[in-house]
Amino acid sequence: MGESITLFSEDGKRSDGRSLDELRPIRIKVGVLSNAQGSAYIEQGRNKIIAAVYGPKEALPKHISLPDRCILRCRYHMAPFSTTERKSPAPSRREIELSMVLRNALEPLVMTWLFPRTVIDIFIEVLQADGGTRCAGLTAAVLALADAGIPLKGLVAACAVGKADGKILVDLNDLEDKYGEADMPVAYNPTLDGITLLQMDGIMSKEEVEQALSLAITATQKMHKMQVDALRERFSVQRREV
Amino acid sequence: MGESITLFSEDGKRSDGRSLDELRPIRIKVGVLSNAQGSAYIEQGRNKIIAAVYGPKEALPKHISLPDRCILRCRYHMAPFSTTERKSPAPSRREIELSMVLRNALEPLVMTWLFPRTVIDIFIEVLQADGGTRCAGLTAAVLALADAGIPLKGLVAACAVGKADGKILVDLNDLEDKYGEADMPVAYNPTLDGITLLQMDGIMSKEEVEQALSLAITATQKMHKMQVDALRERFSVQRREV
Amino acid sequence: MGESITLFSEDGKRSDGRSLDELRPIRIKVGVLSNAQGSAYIEQGRNKIIAAVYGPKEALPKHISLPDRCILRCRYHMAPFSTTERKSPAPSRREIELSMVLRNALEPLVMTWLFPRTVIDIFIEVLQADGGTRCAGLTAAVLALADAGIPLKGLVAACAVGKADGKILVDLNDLEDKYGEADMPVAYNPTLDGITLLQMDGIMSKEEVEQALSLAITATQKMHKMQVDALRERFSVQRREV
Amino acid sequence: MSITEQRPVISKLEQQELRRLLAENKRIDGRNPLQYRNIRVQLGYVEKAEGSALVELGNTKVLAAVKVGIAVPFADTPNEGILIVNAELVPLASPVFEPGPPSEESISLSRYVDRSIRESKSIDLSSLCIVPGRSVYSLYVDLYILDYDGNLIDASLIASVNALGITKMPKYVVEGQAIKKTDEYFKLELKDHPVSLTYAFLDDKYVVDPCLSEEYASDFTVSMTVKSDDRFCAIQKNGGGMISPRRVIELLERSLELGKELRTVAYRQLTGGNG
Amino acid sequence: MSITEQRPVISKLEQQELRRLLAENKRIDGRNPLQYRNIRVQLGYVEKAEGSALVELGNTKVLAAVKVGIAVPFADTPNEGILIVNAELVPLASPVFEPGPPSEESISLSRYVDRSIRESKSIDLSSLCIVPGRSVYSLYVDLYILDYDGNLIDASLIASVNALGITKMPKYVVEGQAIKKTDEYFKLELKDHPVSLTYAFLDDKYVVDPCLSEEYASDFTVSMTVKSDDRFCAIQKNGGGMISPRRVIELLERSLELGKELRTVAYRQLTGGNG
Amino acid sequence: MSITEQRPVISKLEQQELRRLLAENKRIDGRNPLQYRNIRVQLGYVEKAEGSALVELGNTKVLAAVKVGIAVPFADTPNEGILIVNAELVPLASPVFEPGPPSEESISLSRYVDRSIRESKSIDLSSLCIVPGRSVYSLYVDLYILDYDGNLIDASLIASVNALGITKMPKYVVEGQAIKKTDEYFKLELKDHPVSLTYAFLDDKYVVDPCLSEEYASDFTVSMTVKSDDRFCAIQKNGGGMISPRRVIELLERSLELGKELRTVAYRQLTGGNG
């Protein structure tokens, strides 16, 4: 199918005009909802995603609680109108998997031992999807956790890298995701030098995976700065409010 | 679609021969089931509906109970054979909404504070549907509550009023419900001068709503008398049995 | 439909060469899984079925437990690939009924009063189905209970008997089950002279039911011996291991 | 997953009383062990259904209604109509019934009634084909339990057969590719009048047509469906406990005797009193 | 089964304060009893939807988006397009919303919005037929509650009508048996601009456009939907409590007054400021 | 909603023992850190399936079976056959598996196996088209976990590929509008022999092919699927914890080495021992 799709223009630019290692325009805002303890909104390309955090709060029913730490619950969900064809609001197998993958990517960041017997709920709602929603959603969810005042070991930023028409590139858009050869979402914290989310599907050689990984690290470092800026803005606003 | 349907004959009578403010034949019987604490049966036109009440009984699981009053659970359900086309026995969105609307219409009548930490279950089963089932079901459910010996502030009787071919009429039948211009179910207690159920869909001017409301009040007052008669019959039978 | 199907050859043999009172080849092995407390595997004709037992263990949530005995939970389930057409893995109405029938057939054998407030789980998985799966599954499940060390009043072996082309026969295969006139699964313990499972569908006269029942008793007595042998083998292996 | 049911506790006293009476061949409601409760059949209770019957067996009340439609036949029976039996144990009828998807009890009940009708060939499904492989009649038999005082199986089968016995079938005509309903009806032909006989066992004794407290006190029940020609078309043991082969044979005998009597009473209105 | 809801406990103090203020015709956020909160409408928020609007009513945030497709019409309306309204009370928006299948609250909300649009004839469904009996347009209106501070009904209707008001419909052409989407679009015609007005009752007083704490403290609410021609197309009492007929008539009057004002504000961008 | 799983408590003692051993590059079952358990493959275990394989990886037992049917292709791939992988973690296999709809663990497992097969192009789906846009082959790969002692992913992929490798496809012929099954079969062509390699991390150490107690004690696992040409077609980190980029690169290297070996053992019967 992919043959007739042009992912690169003659001058080597990508379908949306970017170079291989260029991120899409990103807009992040922390503290966008009034009911949630913490929240964040991200636009990355045409992605529009909100994340919200409730908790820590008592874990009910009791048998789900853990005596030595808090548990996390995470739901990644796509709005019915977020995709080109309307999506049923019931969770798909993909959404169930990603909810788990995202919980796993957030769990190592939270100082869970500070809140035994409690639960933290993390909700990620994709309002518009444009490729790389799990990564953008994760980037927002970490900020929602921080906004909720939950002690974290650090932030992670997440970005998909991959391969299209034989080239390794960063921050795949919908088209590149669909017609490219490989897609590898990565969440990374530069200070801890730690990857908390890593998936890949498609075909890449060992060298290509290494190259993509290196692109991901650079990209997530850039995004990390934007995250910090968004938090700073949030707290400066609050300070002004106080 | 409605154009070719004749809702009125030439002499101004309705499709079933009634005048505008005339109720369909109603038959009410209280105490029709042996297992339920209270029960009542109503026929209104071709509607055949049974209501049953269980409780007050311990509310389980405990977390649903309230410390200062009893809670109500209500299920409005249509038998698969009650409609022209067979209906799936799984609850439809309409049945879920009506279960809530009917619970809300019953709740203000029950002296809930007398039975803290308990639950009262109310089941309404439509065996045959002929327009106005929520109202007839409610009229029966109140009697089932009374039959169960649950202290009530008063009864309500319920009746749909509405508009068809430009005329305001009472107790809509299936045809008038389907092809008429507006349908407004009302549950009313004359002593307390209180409406506990009020819905409307269709199109009516302010004056028409007022006129319909006034028809509803007259009709429910008539039905209120039938309710009292049915209760009296029930208790006189019991007295004889004793 | 059945007219064109030949269930008997000219010499009176059945479609798979057996005589009327002949069982299919049976292979039984006890102790086939490592995680389950007890397990057993049976092949009967082309049936391939595993049964596993977990428990007795604490019954949770508590409200399902009984103060004076253990409860049993039983699931009969067919693998999606066990039948000619792929079967949905969600439990069918037939599987729900058979889970109950099998629990009822096992319950009178277990000395439930020895384990108050606990639960024993019995799982029967049909990997390949060839007629008579409930019976073969039950024959294996009893052995899984014994393998789990759960005190039993006795074993039962189970076998379907029935009628095809006017003849009463034992251990119906898939074809005879489908095109025969009657199918009667029976589980029997010879020592206690007790039937714990009895169903019949199809058409038989009183005399035919009696004759079939008598065939079932002979057949299950034979199978009972195989069960004992399989248990003996299992425990002699364990003894050697010790 | 099927789980040991928790029967409502009947007081020890009531249990002892049931057993004491039974030792003298008596029952709590004055019946003898092989006596059915009174049966009342009201035909055509639901006018919107093509056939229906309200059956009272003592205090047990079952409403059966038949809805007729057309459907695509199953691939393996392209020339046969479709019969579906569904039972709703609505919570109105008993504090032990809960709203929600069909319980195993309700599934087991409807499957037994289904088998009794199907295997007795009461309905000739091959006569319900309109266009082979494309359009056949579908008969939905919906059972609604309104009051539960034991022995749902026998009452449900009586209600179903009565409902089918008065079912009027809309006539369809085939016009090219389309199938159109006409205003005409024909009577569904009932080929047999099966009855189910249910026995409840307490220790070594048994009673027919158990009421609820007998059902709760019993070790298990056995149901047997007998056709008009005295052949059996369904048997089912329900509940735990063991029964000896000798007892089963005894029940077969009993069912032939009792079946004739029950059939006459249960289908009097259908058959004009001739059973 | 519908069950008495457990509202979050608002402190006695807050309840008393609400009532005390109301006695003086004041409200907790400084509004007068018949005053709406600020409304902000952002059209076209979701570019991937054919129409969408994000509406803020005070702190309540509702996103409505319209997806257009083609579908087989319902058998009883072969010449009409299909309109489906669905509301998701996503747990993001409030600690009382839970993930899972639609709650009765969400069903009731979407059905009220559906009725308001359908009965007001805001959309002429008969204009959405492509091939009678075979292919019609389907309009899915999905409501997404993002922040819940009371009065979802009024906010949701405003969001839905705004989203429908800018919906662009893909043109389809019929080629023999096939129906093909073209690159052209036409504007969905909006025939009316209904608004819903919701009143919360506390004892004998009421306020319009209740915020969440007013909703929680109230005995019940009444919603009324008014069309542009001042006729009513939907009414619904929600929650327990009793209302007198006199009060209902008073609310009808109020709704005519308030409706005009609300319509002008809510649909300013659609109508170019002319309501 | 995904919720922090509650792993069965392995005694502190066992955890300490695992770590102590690992510090000396040893494991609880005597293997070295980069050693797989014994693999036993039984081809054609389920005769009623078109292909099947029972795989034992130590005490982990996985049965994979392929059912072949025909289906309407997906709208966006009208010329491609349909491949569906489904995993059942039946409660027989472990006290932590529960009956009911697929858990997130089972979904994640089947999706990883699906990706490994699909992305490796082991099956040429475009060769499974019968009539473009109308009829294609469907391959259901059902995974049945019978005994769970860790590392379901690697065992499941081995079982699936083996089952596909012996799958015989019924031939269909097109006759006008109808598609008929013939009695002939052809062999499904397997284009690649992917293997997955799963590593469990305990503190800063890791082991390949973790048994259950290693899995429970581990911080997280990483799985990598390698094609026959040494390229990767799927990677997945499962569980919490962090891994450094350096470690990931190390695992890529390891997987190339270990993959060759594993492939030879796992697919010996398919390839006649030539891998």
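Going by the order they are written in, the chains are A, B, C, D, E and F; count residues from 1 in each one.
Going forward, a residue touches a chain if its C-beta (ideal position, glycine included) is under 8 Å from a C-beta of that chain, and two chains touch if they have at least 3 such contacts.
Note that the coordinates shown come from a computational prediction; the quantities given were computed from them, not determined experimentally.
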TODO: Tell me which chains count as touching both chain A and chain F.
DONE: none
Task: Topological distance between chain B and chain C, in contact steps - done: 2
TODO: Using just the Cα atoms, superpose chain D onto chain E and tell me the rotation angle to the nearest 5°.
DONE: 120
Open item on the list: With contacts counted as defined, which of the two, B-D or B-E, has more C-beta pairs across the interface?
Closed with: B-E
- [ ] Just give me the whole-number Å value for how far the CA centre of chain E lies from that of chain F.
- [x] 48
Open item on the list: Can you compute the centre-to-centre distance for chain A and chain B, using the mean CA position of each chain? Integer Å is fine.
Closed with: 52
Task: Intercentroid distance (Cα basis), chain D paired with chain C, Å - done: 27
- [ ] Give the residues of chain C that touch two or more other chains, as numbers and ranges in rising order.
- [x] 75
Task: chain F: positions in contact with at least two other chains - done: 1, 99
Task: Chain contact topology (line, ring, star, complete or other) - done: ring
- [ ] State the ordered list of ring chains, commencing at chain B and continuing via chain E.
- [x] B, E, A, F, C, D
Task: chain D partner contacts - residues on chain C that touch it in the complex - done: 1, 64, 66, 71-75, 93-94, 96-97, 99-104, 107-108, 184, 188-189, 192-206, 209-210, 213-214, 217
Task: Touching residues (chain side chain D, partner chain C) in the complex - done: 1-4, 6, 76-77, 102, 104-105, 107-108, 111, 115, 119-120, 220, 222, 227, 230-245, 248-249, 252-253, 256
Open item on the list: Considering only the defined contacts, which chain F positions touch chain C in the complex?
Closed with: 45-49, 52, 59, 61, 63, 65-67, 69, 86, 88, 90-95, 99, 101, 140, 142, 144, 146-149
TODO: Could you please specify the touching residues of chain A with respect to chain E in the complex?
DONE: 33-36, 39, 46, 48, 50, 52, 54, 75, 77, 79-86, 89-90, 121, 123, 125, 127-129
